[in-house]
Amino acid sequence: MSEMVTKRRSTHPMKIVALLIVVTCLTLFPFVVTNRFYISLVNEMLIYGLLAMSLDVLLGYTGLLSFMHNAYLGLGAYVVGLFLIHVAPSSLWLALLAGVVVTSVIALPVGWVQVRTGGLAFALLTLAFGMMFYTIVWKWYSLTGGDDGLMGVPHPDIQVLGITLGSSGNPTTMYLLSLCIVFICFLLTWRIIHSPFGAVLEAIRENEERASFVGINVRRYKLYGWMYACMLAGVSGGLFILYRGYIGPTTMSAFAGAGVLMMVLVGGMGSLWGPIVGAGIFIFMQDYISTMTEHWELFVGLVVIMLVLFLPRGFIGLGDYLTRFRKE
Amino acid sequence: MSFTAIAVDIILNSLVLGGVLLIVAIGLNIIYGLSRVMNLAHGSLYALGAYAGFTLVASGLNYFAALLVAPLLIAVVGLIIERVIIVPVRKRSIVYTLILTYGLMFFLDGLIKYFWGNEPRFIELPQFMRQTLPIAGTHYPVFRLVTLLTTAVAMIGLMLFLGKTKLGIILRAASSIPEMVSCMGINMTFVHAGAFALGCVLAGIAGVISGPLYTIDPIMGHEMLISSFVVIVIGGLGSLRGAVLAAFLIGLVQTLAEFFVTDLAMVIVYMMMALILAFMPRGLLGEGRFE
Amino acid sequence: MKKAFLTTILCVIAGAFLMVPNQAIAKDPVKIGVIVPLSGIVAQGGEEMKMGIQMAAEEKGTLLGRPIELIVEDTQVKPPVAVSKAEKLVFKDGCKALIGVFSSGVGLAIAKNIDRLNVPFLTTHVMTTKFYGLNPLVFRSGQLANDQTAVGNVKGILATPDLKDRTYYVLVHDYAWGHDAGQRFVDLAKKNGIKIANEDFDKAPIKTKDWSSYISKIKASGADGVYIALITNVIPVFAKQAYDFGIQKYARIVSGAAPGPVELEAGGEACVGIFGASDWCWDVDNPISDKWESDFWKKFKTIPSDAACHSYVGAMNLFNGIEKAGSTDPQEIADALRGISFNGPYGEVRISAKDNCMRNSAVLTETKLAPPNPYDAKIYMKVLHTFPAEELGPPAKWN
Amino acid sequence: MTTILSTKSLHKHFGGVLAVNDVNAEFKARQLRSIIGPNGAGKTTFINVITGKLPASSGAVVFQEQDVTNRPAHVLVRLGICRTFQITSIFMGLSVFENVRIAAQTEIGGSLRVFSAREGLKNVNTKTWEILHRLELKDKADVPSNNLAHGDQRLLEVAMALAGDPKILFLDEPTAGMSPAETEHIAQLIKGLTDTIAVVLVEHDMDVVMRISDEITVLDQGRIIAEGSPRTIQDNELVKEAYLGHG
């Protein structure tokens, strides 16, 4: 798996400056472009960016492949939506918390079974369990609305320390909330990846057998990595339903899962920010191309094949390549 | 309708379902066992087989002739795929093969949609197969029985091929001790390509027989792919006997579930898989040899 | 170097996609968003709906002196996808009205978001009864509602000796329309003394390919009639598998939604003998209908279907409404649509001012081998009875 | 000298093939025991079973009077049973320092500290530098390990095993593919380890084996056919026969 690794470790001051510039631009975006369609589009990029980043924790840092990480976004979203509809229509933070907690509670036994079976079966099982969640959501008509989707989720006000910042139904306010949470999750994940814990995950990615022969309980750490990735996916799901106000099982389908995988591939595994960029590119292309062609699947398939064959490190790989090219 | 008649119906239905699952899953398992490639596009090759069968029959070929020709066409497609896009990633981590074949799956589905469109297709059967046969108080379609027979013939053929022919023995030896085979001077390139072609032949057969059984549509392979995963994961990765056991187990459970609880049939199958794996992480008959 | 080359190619391809200009902007057309399924299980129906709406747009030519621009989006028959497509059509493209929609789930989902979208929304192929008086901006014009088809089918069963004394096994597709259609039929049938084998009827997943388990259940139940509420494309699939098991030999199939003619062709002889209520089929005889049929055939070279026909009628209603309103203001269009009427292929239709839904007459049809016809159809839907709009009623509270 | 690890009637079979057949062996503290035997004698399988890579078919492995049969590898490592592999097994994408650091971190603890920097674990760093110094890999600390020469990769693997504070260390053909100079270097190093721990060496280089071993165990067809000092083994008729008989 050594091809996936980015060797950069030190935090260059320029990186911090670049990060600040990007965040500032993103913050100003809804005030410059006021069309609510584009605000929503970038919001979706951020949310899927968070999901792709969480998949990167699994794929790029732990070396585990999850075909249907979107299932956990879906679970988080359904839980938050159902919480807002049936339990407390106005408590946004409680709903988000419930989303993360329930997603984790569901992900735990699934992860436990998956890590016991080894690397390849793990990947196949993510697909099978993903399909199971998809089937359940789609069949449990009375709770989830089945194929008709969960509609009419209330838009609670966003309150921090008792101060109301605005309604989550307002695209701009919701956008800023997403940006804020995605940014926090990014920093948190960055910290975790560079901690001793992150080092263990990397060791497992590099050589699972060796990892267990230096005394690492591989299954347990894989499960920790899985749980963290699923929690982040749960957060992204919460944001998703808050921004959309509705969700359907399609979000949890295998095809949507391939999309998330493609975001990580396009951006490049093992960099955290790469997949976020990948999500941006993917969602932009999806919006742009699906209006032009009905053969969207052909396109997705071709791009995935090309990426694996010629650009296995994605967007960052391209960046590295260009830098090297210039030096030569 | 009497109890026996219902029971016969259910048993035959589950055998037919299990048989189709088995042919697809065992093809996937052979490719994995012999060449260490988990081909996620296998379901799409199965769909392609069905479409090939449809086109052949629609252009006037006899159904049984199509049953022979279509799998060979799929084998050719499979060989091209193996040579052109799988060989370059063979040396890389299995994660890349998985992602690559996942992309291939969507590409093939898109291609099918492009050439054959979205509308459902049916393979026209010869008249004698459109009858029903009275068995134990129920009327069972002849072509379903023919399907069962085809499954059995394909499986016996496969067993004879792997067990009795020189080619089959080489392939099997390669799966358990690849080092030894390359020592013996057998070309691994040939083994890999052969395994892929064999798997594709099986996918093609399954495609043609499920044409009249279900409907042919561009995404028919997705569900089949997931089901065959369930089969080989429950049976044990790389274990052929495990796949046989698991396929018929799933066929039976799914048919019973559809008959009695209808709504949650697939969920019950997945739950059964989770339970089996919780206690036997390597599946029913998996030795973990291929891990 | 090989990598560099391929990378460059990849970039150029990506770049090319971005360079293609957005649709050239014509002189300020009236944009209408057409939301139909073009992929997935009912893509065929979606195509036909698109054709019907295109035909109406071409017949109209202009609206308020401006050209009509139809922007078509694929719903994939998935409500959430459809809502985001609707948002895209309204917020990004600036459509002034939405039309189309196959499936009640999709229709209801868009209707729930209609206040935010704030454009008139006219469905042409939605059957759920929840549409009566749902929202001032939401209309149904075209397809019959479930209560109307249930009435049509029950009346038809009672009026047809071969259907009257049978016990019916009810099997529906598992989503909003299927549930609604199944329940309506069961309730009404019981009231009229028609025997039902399974009052807690079967709901099959939309993805179901292998119907053998359901067919075994039908056999086991001893029913000699089957009432199905399945998406039209699936009807031939089900019919073929039932035929293989010999169901048609002793049982009759009544369908909640009349099958589409193109799909019937695929099903062949297995599709003969399916009864169902519909608003229109090409066996309907009147001068407007006959002219419409031949125009449609000339234009698209495909068998004219009910989906195309009532999408045409719906689109004509919408366009007439916009003309009548004299502006593209959502409220004004909505006001104009209420009470509007149109004389089309299936006679005079009227959108009720009380509940925003259309009233029209219906026919009970049976599929039979077709007589010689200009469309080369092998199977057709023969009209057995005609029911005037008043008999089909929606519930009394709306009349 | 005290026995640190012993096997009691250990068996391992694959299908019908007995790869380890009723092996009773004792490994003593501060002793270098070599395991030799013709190809396919079951040497690697034997240590795979002891170190938890493969489950035993029957019999027991006793470590410091504790039954450790079929415990998972990571548990055995934490107890002090460490090993290297015949085919170099290191974290290829990581630097030399990071390779050893992870091994040290697992031994010392701190793997669950998710909010601190990995470079911040002081004890771990000290230990890592100490081991790198001892194995003369200090200068290459920042080199990605996949860029190392083969000999240095073998050495790195030994360093990683040492970072786990082994009480007994199994080395599976450590000199495979090394130059004579590198072989000499690693032979001296291995000999030096026995000052503190027990070392078990599976080796084909008879010269090395005879020179540095305290005791030698000879396996053939999964059985122990001879045991004793290098001198007695050299003169053993059974051993000669085993080697000649199988080529």
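Note that the chains take the letters A, B, C and D in the order they are written out, and that residue 1 is the start of every chain.
Methods note: contacts are C-beta pairs under 8 Å (C-beta built on N, C-alpha and C of every residue); 3 or more make two chains touch, one makes a residue touch a chain.
Because the structure is predicted, anything quoted here is derived from the model rather than measured.
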In the chain contact graph, what is the shortest path length, in steps, from chain A to chain D?
1
Treating chain A as absent and keeping all other coordinates fixed, how do the remaining chains group by touch?
B, C | D
With contacts counted as defined, which of the two, B-C or A-B, has more C-beta pairs across the interface?
A-B
Looking at CA centres, what chain is most distant from chain A?
D
Dist(centroid_CA(chain C), centroid_CA(chain D)) in Å evaluates to 73
Would you mind pulling out the distance in Å between where the CA atoms of chain B average out and where those of chain C do?
36
Provide the C-alpha centroid distance between chain A and chain B, rounded to the nearest whole angstrom.
33
Once you find the CA centre of chain B and the CA centre of chain D, what distance in Å lies between them?
44
Shared-contact residues (touching 2 or more other chains) in chain B
113, 263
Where in chain A do residues touch at least two different other chains?
1, 4, 139
Multi-chain touching residues of chain D, meaning two or more other chains, are none
Chains touch in the following pairs A-B, A-C, A-D, B-C
Complex interface listing, chain C residues touching chain A:
3-4, 6-7, 10, 14, 17-18, 20, 38-39, 73-74, 76, 78-81, 83-84, 87-88, 91-92, 104-105, 108-109, 112-113, 174-176, 179, 203, 205-206
Note: in the complex, chain A contacts chain C through residues 35-38, 40, 138-139, 141, 146-149, 151-152, 244-251, 285, 287-292, 294, 306, 310-311, 318, 321, 325
Hey, which residues of chain C end up touching chain B in the complex?
39-41, 43-44, 174, 202-204, 207, 209-210, 212-214, 216-217, 219-220, 222, 233, 236-237, 240, 243-246, 262-263, 266-268
Of chain A, residues touching chain D in the complex:
1-2, 4-5, 7, 191-192, 194-200, 202-203, 205-207, 209-218, 221
Given the complex, residues on chain B that touch chain A span 38, 85, 88-89, 92-96, 98-100, 102-111, 113-114, 222, 226, 229-230, 232-233, 237, 263-264, 266-267, 270-271, 273-274, 277-278, 281-282, 288, 291
